[in-house]
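Some notes on the structure that comes next.
Lettered A, B, C and D in written order, each chain numbered from 1.
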Amino acid sequence: MNAPVRFQALTVSDLAISAGTTTIVRDVAFTLAQGRPVTLLGASGSGKSLVAHAIMGSLPTGLSAQGVIKLDGEDLLAGTPAQTRARWGRTIAILPQEPWLALDPTMRIAGQVDEVHHHLHGFGSAASSDRARADLADVGLAGREQAYPHELSGGMCQRAAIAVTHAAGASVVIADEPTKGLDAALRDGVVERLLQEVEQGRLLLTITHDIEVAAALGGMVGVMLDGALVEFGPAEQVLEQPRHDYARALIAASPTKWPASLLPAAGEAVVSACGLSKRFGERPLFDELSISVRRGEIVAIVGPSGCGKTTVGNILLGLVAPDRGEVERTAGMAPTRFQKLYQDPPAAFVPHQTLRQSLGDLLKLHGLDWMRAEASMERFGLGRELLDRRPSEVSGGELQRFAILRALLLDPVFLFADEATSRLDPVSQKDVFAILIEAVRERSLGLLMVTHETALAETVAHRILKLG
Amino acid sequence: MTTKLVAIAVAVLSMTGMAAAKPLKVVGPWEIAGIDPAQSGFVFSRMQVAETLVSVDADGKLTAGLATSWSAAEDGLTWRFRLREAARFHDGSAVTAAIVADTLRKVQGGAGALSQVPVAGIEPDGEDVVIRLSKPFAALPAYLVNYTTIILAPSSIGASGKVERIVGSGPYRVKSLTPPLNMQLEAAAEWAGAKPGIAEVDYQAVGQGETRALMAESGEADLVFSMLPVSVERLKRNPNLDVRIATIPRTRLLKVNAASPLFSDVRVRRAISATLDREGTTRVILRNADLAATQLFPKALAGWHDPELPPLKRDLAAAKALLAEAGWTPGADGVLHKDGKPFSFTLLTYASWPELPPIATAIQAQLKQVGIDAKVSVGNASEIPARHKDGTLEMGLVSRLYSIVPDAIGTLRDDYKSGGSDWGATGWSNDELNALVETMAQTSDPAARAPMQRRAIAILQSELPSIPVTWSELAVVANKRVTGLRIDPLEVNYGLAAIRWAQ
Amino acid sequence: MSTADATLVPITQRSWLTPSRMAGLALLGLLALFALSGPLLVSVDPSEQDFAASLAPPGSDYLLGADHYGRSMLARLAYGARLSFGMALLTVATAAVPGILLGLLAAWRGGWLERVLDLVSTVLLALPGLLLVLILLAFAPGTFGPLYLGLALTLWIEFYRVTWVTAGGVLKQPHVEATRLLGFGTSYILRSLVLPEIRPILITLSAFAMSTAIIAISTLSAISVGLRPPTPELGAMIVELLPYYAEAPLHVLMPGILIFLLVLGLQLATRSDAR
Amino acid sequence: MGSLPSAGRNRMKRLVLARLLQAGLVMLVVGILCFVLVRALPGDPAMRIAAGRYGPDANITEAAEQVRRELGLDQPLLVQLGASLGQLARLDLGHSVVTGLPITKELRIQLGATLWLSGSALALSLLLGPPIGLLAGLRRGGWVDNASLGGAIVLRSLPPFVLGLLLILVFAMLLGLFPPAGYGTWRDLALPALTLALGLAAVSSRVARDAVAAVARTPYLAFARLKGLPEAVVVRRHVLRNAAIPVISYLALQAIYLIEGVVVVETLFGIPGIGHALVHAVIARDVPMVQGTALAMGLLFVVIAMAVDLACHWLDPRPKRT
């Protein structure tokens, strides 16, 4: 293999991104250097992904970047679109969010690596395919060359995407939320991979909201808030002694640092099940499982992805029928008093309805007062201006709080939170759980939470059920 | 010098090569639905693949076909047809009297024209075919022109007893036949007469009139039959084309149910006739005002057209007066009423002839002017005979051909017999006409027939069991690269064998 | 493209009335005006013939000219627009309503019902639609009833399939489950969740189905099994005037232009932004 | 997971089996429907057949009596139905009552003509529609997009016979490139195939455009670009393949338009195709022929649908919802 070009540093200064006349990201400055990766932390909607795309030169149409981005002396923003495009893959590569969506679903992964060698570097077809095989072996995917993306796990897809980046030969790697949706074990694997990239001399910029990832990667850490870089410094310094309020809140938001929640003793069971069995196709998910949730109690189910955690909750809600076993819910309770929170908040809302419409319809259906909803909104820190937005135009944290508000309006006795905070930044996660815990305490409802974060479960739950 | 020679050589070679290889491309509207002579015999007769005993020339005079001569015995009951000596089928076998007699016997038992003839027996006698009749019938030879009587070789008949291939005796033989649209012919070696001018003929059926016109215009086809009236003017202006038009003995007429309460009064039928704007209709739709049918038969049908007869013409005032006389008075909606019933009926027609629905549309509007409400219904050709049979027919616009047998007596005899017929009268009969027709059928002397013919026409003109609307013409377009085209108004034989490439 | 920061991007003004929609609605309004009030304003009988004016060009005594029978093109187009658009609308409605309802039913209930409906629709799809129309027409030639029924019988399948597939996709999404958990009933889910999702594609489908219906009627006229003359129907008018294409090309095109404007209007009015 | 190839093969087997079941059902439905409907139609079938056989100048009433005797139309209906279904079960399509030829022989000619015509029309439409759709979909709102939408609307507003005539005028009369009508050579097929192809391309270009637009919004396309592939390679390897799936699925529906929409085109251009034959058969009440043509069309559709299924299966390895 020809020796890849290694760069010394990528310097971002005075970066601003604007949509028309509105500036949405401003005053971003940092430097990526050999052996010193940069990690940008921040809530979703803080502009960190836009920074990544500004460096790539792949901002969505309608957005433009100003300022200077220098890669060893070359100003990336000054180039023509063709020059920018010519850098993609060869010089700068991006590790996509949710790589299982970023790989072509109709092409075997070997082909997706192979084409990079063939079309970028001009290798013959035999040579390309040999190299592709080697690249995949490098990331631990030997033997799975002929698999389609849907046949691979999320972590394997992430590794396949890394193989693509390696094949392209880029020396600047931007990882955009590389651990989104992955459980702890897979997350650690991805971090290890990223560290290898740094060791191999690549410049690494990581975008994440996971403080653990930032801590594990080391180097420099920046914190973004509302489009501005509010704090930047060495990882230890920022993570141990944050100066900015938001940075402090972010660091403090790690579940391990939450104050212990004081909950009263649990009441009678609202829902219980025994002897549950469920198979998914040929594969048994669980067998002879018994579970019960009592009023005023938080029960957590933890386990790796794909172990059937969500299915247990859905069985308790009556959304899925078990193959065997019995579910018993408190008699005489209206079905609407059993509610669910979803992993991906926008997915739980009707995409074309504004929040005002969906809330209004709900209140009308149940004959509830609009004032009550507004009072809760205020309490949950939700501004009124959100009401006229559609779900896709509201941040995940706000939307999840809205979802809780919506569920609480129906005076639930049982709430099933299905990975309800896994896609949120730590601050939002903390806010959401604060509201949930308060609801459990005040209304003595039973909360069943499903999570892959053991730390979170240990901090919050009364009881933990391990699956898988 | 050499280049010139080479050029000439190439030119000569290519010309001879072309002349030998290029077939005459003929396009017509007729599909070859089935190869049984009763179905598609006309195609094989017109294209000179098969012959009938008797043929006809452009003036309607009977001429030799497979039979070189014929004669009737004194009593008019026994007819003798002498076959052409050298006649051979395309499989090489001789055309014998036995084969002809067999064929004709079979045809006579079918539903074709020959079944109308009072035949007592058909026998071979040496080289003659002898037809015995049960009563004198002077028009017999004319019936033997009809395409259903084409003579095919025994090898045409398959194991099932049905005709499976066409082995005729004409100047052309079938090279390939792909029903319903294609047929290729080549000059038949067995043909003893004049060798066809063009050795190969390629027939293509194209149903759409516009397409046929375009094929002529583009030079794709050499000979195209049946042009739409609207295209004729345009084609005439094209310097490469030769447009020939012949009046054919076909009349579009309103077949009226004279037994229905609406039309039983002859005054009503006359009123309808006086309502029709024949001249305008023919000018607009057929593009030739001369085709307005002022009487049943066109001028071209010698002896059957009487110039003295007062013409049928438009006279709205007279029509209104006749209707009022017959007791029809205008109602509030402008439609005529009698005894509380409106003058309202269905005008049935069919699209087998593309001009019929437009003519019906014109008639509908004309009848409306005098308060007659006709609803046009375009259906299948069989609906008119079907509704004639069950008596529910009110009025039909039909296209009637008088040369199925070249002597119009054949059609007349069938159409106006008592009880009517498919395309003739419905609910109307006239004893005097029936007697005249029977007498004429037995009379061969033209002079003796003439007054009878005039009288028959006069009866039809005054009684109007069918109301003539328009006559017809046949437009044939030839590309000027061919010569020798002869146009046959009776459409028995297109004389393809006489056509040559123009030099 | 990443949407993580989508909330940062200012919300662009959402206007339902885009310029293309406005143009489409204006066009449809004009056509509706022409079709509905045209017959009232044009006092001429569309079947009145005037052989003297055969194929009169536009701008003569007749504003838009006259056809081969000398009938006013303007009157015929106005009546024809009313009849054709009305018939097409009726046909499409007859096809769309059961198609959509069955599609929703199949997507909603699933199971054997879905399988039976799927089988019925595929078998019907395999039957030549022309056969159905011709056979139905044989019962009452020249009238609108069977024509309409036959066309609807072949057109409903497309509505059924599109609704089934699209609604099936929507119903699998978590927000449907969430809505149900919140206590909303089936009718709300179908009305407020599913319908808005399938509406754009159904409207596009209907627009094309309307032109398909008019063209189909004209095609049937071309093989002489259409409506009875002298009914002014746009498709039949094209067929009637076609032989005169060389002398009066504009006349042949006029009904076609009306059909074109209808489809264009529908397309523009229902076009979402250039996405 | 290791047994995936066999899972794929199983799915393929299921697809084929489902289509075979459908084919059987189509045969049964066509058999019964043709018989019942054609017999239940108003009008005397013998009269219709006679008119079909001997033309509109013939003496139909007399001919009809012969037809009635010959075909046994005077027997009870149930006896006739039994005979007809029995024949169908033995895959014996019988003889046309109009032409007297075996149906299989007629179908060979007519289906052949239709297959040539629709095959070349489909090929032409694939050359026209999807490439235009691709250009339109890659630059949504651009001039190609708008022009192709306008073109699609114009083509959908023109009856096929008007389009055919226009093409004859341009290509045969003005340019003299192709014959205006006829059947037999490739040149003859050019204009009718183009007439049909333009109608097909009008729609398939829009389907392709929407499919390309949908693919263009996917994260995997963004990634394909970001990994450095040149645009041409991105389009060829990722856009085409993924956008082809809905376009190919749509081909099955196009096939119906093709098989049925050809009638007028066949008449206009003088091609002895199956649509033309079906219309004539219905008009002449030629039950065996109606049955034969409807069956041929139905089975052809099933075969095409099966080919489309298999092509989609090959292109898109993801399991589908059942």
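As a convention for this text, a residue touches a chain if its C-beta (ideal position, glycine included) is under 8 Å from a C-beta of that chain, and two chains touch if they have at least 3 such contacts.
These figures come from a predicted structure and were not determined experimentally.
Engineer: Which one chain sits nearest the middle, judging by mean Cα positions?
Structural biologist: Nearest to the common C-alpha centre lies chain D.
Engineer: Let me spell it out: compute each chain's centre from its C-alpha atoms, then which one is farthest from chain B's centre?
Structural biologist: A
Engineer: State, to the nearest whole Å, the distance from the C-alpha centre of chain A to the C-alpha centre of chain C.
Structural biologist: 46
Engineer: Where the CA atoms of chain A average out and where those of chain B average out, how many Å apart are those spots?
Structural biologist: 86
Engineer: With chain centres taken as the means of their Cα atoms, state the distance from chain B to chain D in Å.
Structural biologist: About 38 Å separates the centre of chain B from that of chain D.
Engineer: Got the chain C residues that touch at least 2 other chains?
Structural biologist: 1, 242, 245
Engineer: Return the residues of chain B touching two or more other chains; collapse runs of consecutive numbers into ranges.
Structural biologist: Only 210 qualify.
Engineer: Where in chain D do residues touch two or more of the other chains?
Structural biologist: Where chain D meets two or more other chains at a single residue, that happens at 43, 165, 219, 222, 267, 283.
Engineer: Please categorise the chain-chain contact pattern as a line, ring, star, complete graph or other.
Structural biologist: If you draw each chain as a dot and join those that touch, the picture is no line, ring, star or complete graph.
Engineer: Got a list of which chains touch which?
Structural biologist: A-C, A-D, B-C, B-D, C-D
Engineer: Inside the complex, what are the residues of chain B that reach chain C?
Structural biologist: Those residues of chain B that touch chain C are 209-210, 228, 230-231, 234, 277, 280-281, 283-285, 351, 357-358, 360-362, 364-366, 368, 375-379.
Engineer: State the interface residues of chain C toward chain B in the complex, per the touch definition above.
Structural biologist: 47-49, 51, 54, 68-70, 141-142, 224-225, 228-230, 240, 242-247
Engineer: Would you pull the chain A residues touching chain C in the complex into a rising list?
Structural biologist: 19-20, 22, 24-25, 44-50, 52-53, 58, 60, 62-63, 97, 176-177, 227, 317, 319, 334-336, 338-340, 342, 344, 347-353, 361-362, 365-366, 389, 392-395, 403, 406-407, 410
Engineer: Across the complex, what residues on chain C touch chain D?
Structural biologist: Touching chain D: residues 1, 119, 122-123, 125-131, 134-135, 138-139, 158, 168, 172, 208, 211-212, 215, 218-219, 222-223, 235, 238-239, 242, 245, 252, 256, 259-260, 262-264, 267, 274-275 of chain C.
Engineer: If we count contacts the way the header does, which residues on chain B are in touch with chain D in the complex?
Structural biologist: On the chain B side, the touching residues are 33-36, 38-39, 110-112, 115, 162, 178-182, 204-208, 210-212, 214-215, 217-218, 220, 350, 352-353, 380-383, 385-386, 388-389, 399, 401, 404, 414, 421-423.
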